[in-house]
């Protein structure tokens, strides 16, 4: 504990400032919103996430911050519960809307307006789903982001004022087509199961949670998680590894695997189920691993379903799989669900819920 | 009040008759069913809606009345709550099923059978959704119509006994295709942002709520709403204007905009949120405007999603957007939701819920 | 009753054994899981269903048993309620996952792993939906099978380690294409409304509930139902007949009709609504018939929706239509819903709920 004294004092000082200054409080809420993308209610995590985005793309950092600010502001203006806003629960969908729209649509003045509307609507959808799901004490996850961004993206073919980027490419599936399984980068095309390629596939998987196709971003994101919860950081890495491994075993497309696209949903499933929404035990760890593995066919399936209109799966596989694995709640005696009001770091949840040994 | 004495007396006399004569009561319930398509529980509104359909298409009026009668009769036979039936809540989906099927399928004897089955099933779906949504005191809106009609329409490719009209045209989306943005009529092709073309786009947007691609129908529908609620008529017009304007700003297809297809979902969103399900305040008015604007990308998105099978979005964008904007309920302090049991005209709701000034 | 004495004694002896021997208890639970595919909580029904599958395809019997065992085992390991497991409620989705995946994917070592994962996940989804639907006391039906199998099947285009069979054939719908309405077999092509062809269409409709495209399988399945409930067997036959008849009237594809594909969803709708989840009266029988008829366009619609990616509707039409027809619950005075805790054979439900005549 002694070694952690200095960071702890900085954190306490920041919390103190946030209570006295509305400006610091707002910055704190925004940073927590960034951290909440991976269930980390911690401003330092959020700051590191921002750094991780910046090293890959200042443009995406900018549109992400726009989305973050607008969705949080919308929550204030609509009179949402202040403590929810302070914990960043109206920010994480907004930041993803901002990044997601800017990745799939060409930069344009109207794109800014589009992000503003999307981020504001993501706050409405967040409150809608929070109310709907409260019947079962279930979390909305990133469903507000997925739903809002899908509607805005699908529409783009009908609007001449916005242009899709090259990432949008409709193509009906063909059963005969051979899948290119060599693990390789899109640009250089250097392939094979090398250590470097595997490292890229692994850490880009963490980076892609926020659409950052970058090994360094992934590493910084992991560090950001670790400052708040080493368990969650471990499960993020485990999820990325299981996602990549499952994709390789199934003979999935090697470009897609290299760029981490089979990893990011697995990362989120693993964090959510491994300690956040179920108390961490070896049983829930195994359960989280199965969810992470299942997110791989789920991602492929949603990609196929959307392939005739060329649209991305976003984090829908994570939302769907995690909902399916969480909804059993107390129905499985082997697992202990965490009430939403008690959700905190995996460490604190474990300490609070597990019976202490005498 | 004095000026409104005569119509009031006619209305009272009608209500009196409806209580004494089962035949008049049935006609009253059917007319209210027509009015409920736009949330107006008023037989005169329903009568004017019928006139509005008739001036555009006697055929659609006929199939609409068939659907209306069958869905209401099904509710009686199944033993649904009588007061719900009397308020037209089992009629509005049926009338839309009748019109929608006849617009997208060629007239045929089997089409009649198809409408009868669809209208009856819409009553089952209405009760199913009413029960499902009662958990959150949420309205079913026109979801029963959308769901039932989608199933019956999608099936048409598999049935040689029914033929789709030219409005059904499958086409996979292509990112490169240019959108024709000139505001113009399908038939003559005369285009441009003229006052006449804008008027067509605006009022056809109201007309298209009941599939009537006709300026005059739109005007009569507006009059029909206004006899029951001037606030709702105002929001209908506001919705149509916002839908058209948003489509023009986004550079949407000019044919589609001219024919009111970017308007009808916005009209319904604006009426529903602007005074009916939230108490009218300047805040809820602004909220309704955002919903109306968001219905434009939502309509385009659902149209794109269904484009590979060439099927219409119907009022699904309205249902989806309005559900998303209503489900927050009391979660937003800036808005006052109206319990379903208290839903009435926007004027009465406002009078009952707003604190009176001394 | 005297004539039924011998079978009754065998049944009692089996129940006795199941209580004393864990091995027999496990076999009993697995057989009930097979029977629950058609709502029959009876080990003898399950045994006959297994025979029905075997006469058509030992391969599908094998993969079905694998799925059955894994999904039931997963429920034990996860600590699900023992009485639910004993009643086969975690088996029926697993057996369908095993058969469904093996029908649409080529046999392969990885297919075995795929079935194991799918069957285990179907148990998770079953518990998720059971918990979700408990809010309305609604059954999950075969939704866990449909959802899990769809995700695993859709993904196949992305995985080179698995190959789809010829049954997977993407094709965008075309409004002009003529439907081949002659009732005929795929292999020989001998067509026409002959008694033999009608019998094939009818009984294969029952067989296809478990993907068995075989007249004899259908007959054995009917016998399996009849040993537990003659009412359910009657409704299975009624559903198959209504499905086939509706398909013929609508001019549906004759191959599809011959092979029972318009029947299996109708069979399940008819059994579920005709006596199992609503007390059997002449009104609920009529209601079940309408549901069975409506399942025909619902099947065609879902097939069309999935045609661009070439994927099968599975029992989604049954799940959707039955949910829509059950969700009204007590909202229709003409029908008496059966609480899930009271669901048994149609005969017992009728005896318990109908007022006895003095």
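Letters A, B and C name the chains as they come in the text, with residue numbers starting at 1 for each one.
Heads up, the rule we're going with is that a contact is a pair of C-beta atoms (placed from the backbone, for glycine too) under 8 Å apart; a residue touches a chain by one contact, two chains touch by 3 or more.
Predicted model, so just to flag it, every value in this text is computed and none were measured.
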Rotational angle, Cα trace of chain A fitted to chain C, multiple of 5°: 120
Fraction-based call for chain B against chain A, same above half, different below: different
Distance between chain centroids, defined by C-alpha means - chain A, chain B (Å): 37
Shared-contact residues (touching 2 or more other chains) in chain A: 135, 172, 308
Residue numbers on chain C that touch chain A, as the complex places them: 77-81, 110, 117, 120-121, 124-125, 127-132, 135, 147, 150-155, 157-162, 164, 168-170, 172, 308-310
Contact footprint of chain C on chain A as seen in their complex: 135-136, 172-175, 177-179, 181, 249-253, 256, 287, 290, 293-294, 296-305, 307-308, 323-329, 331-335
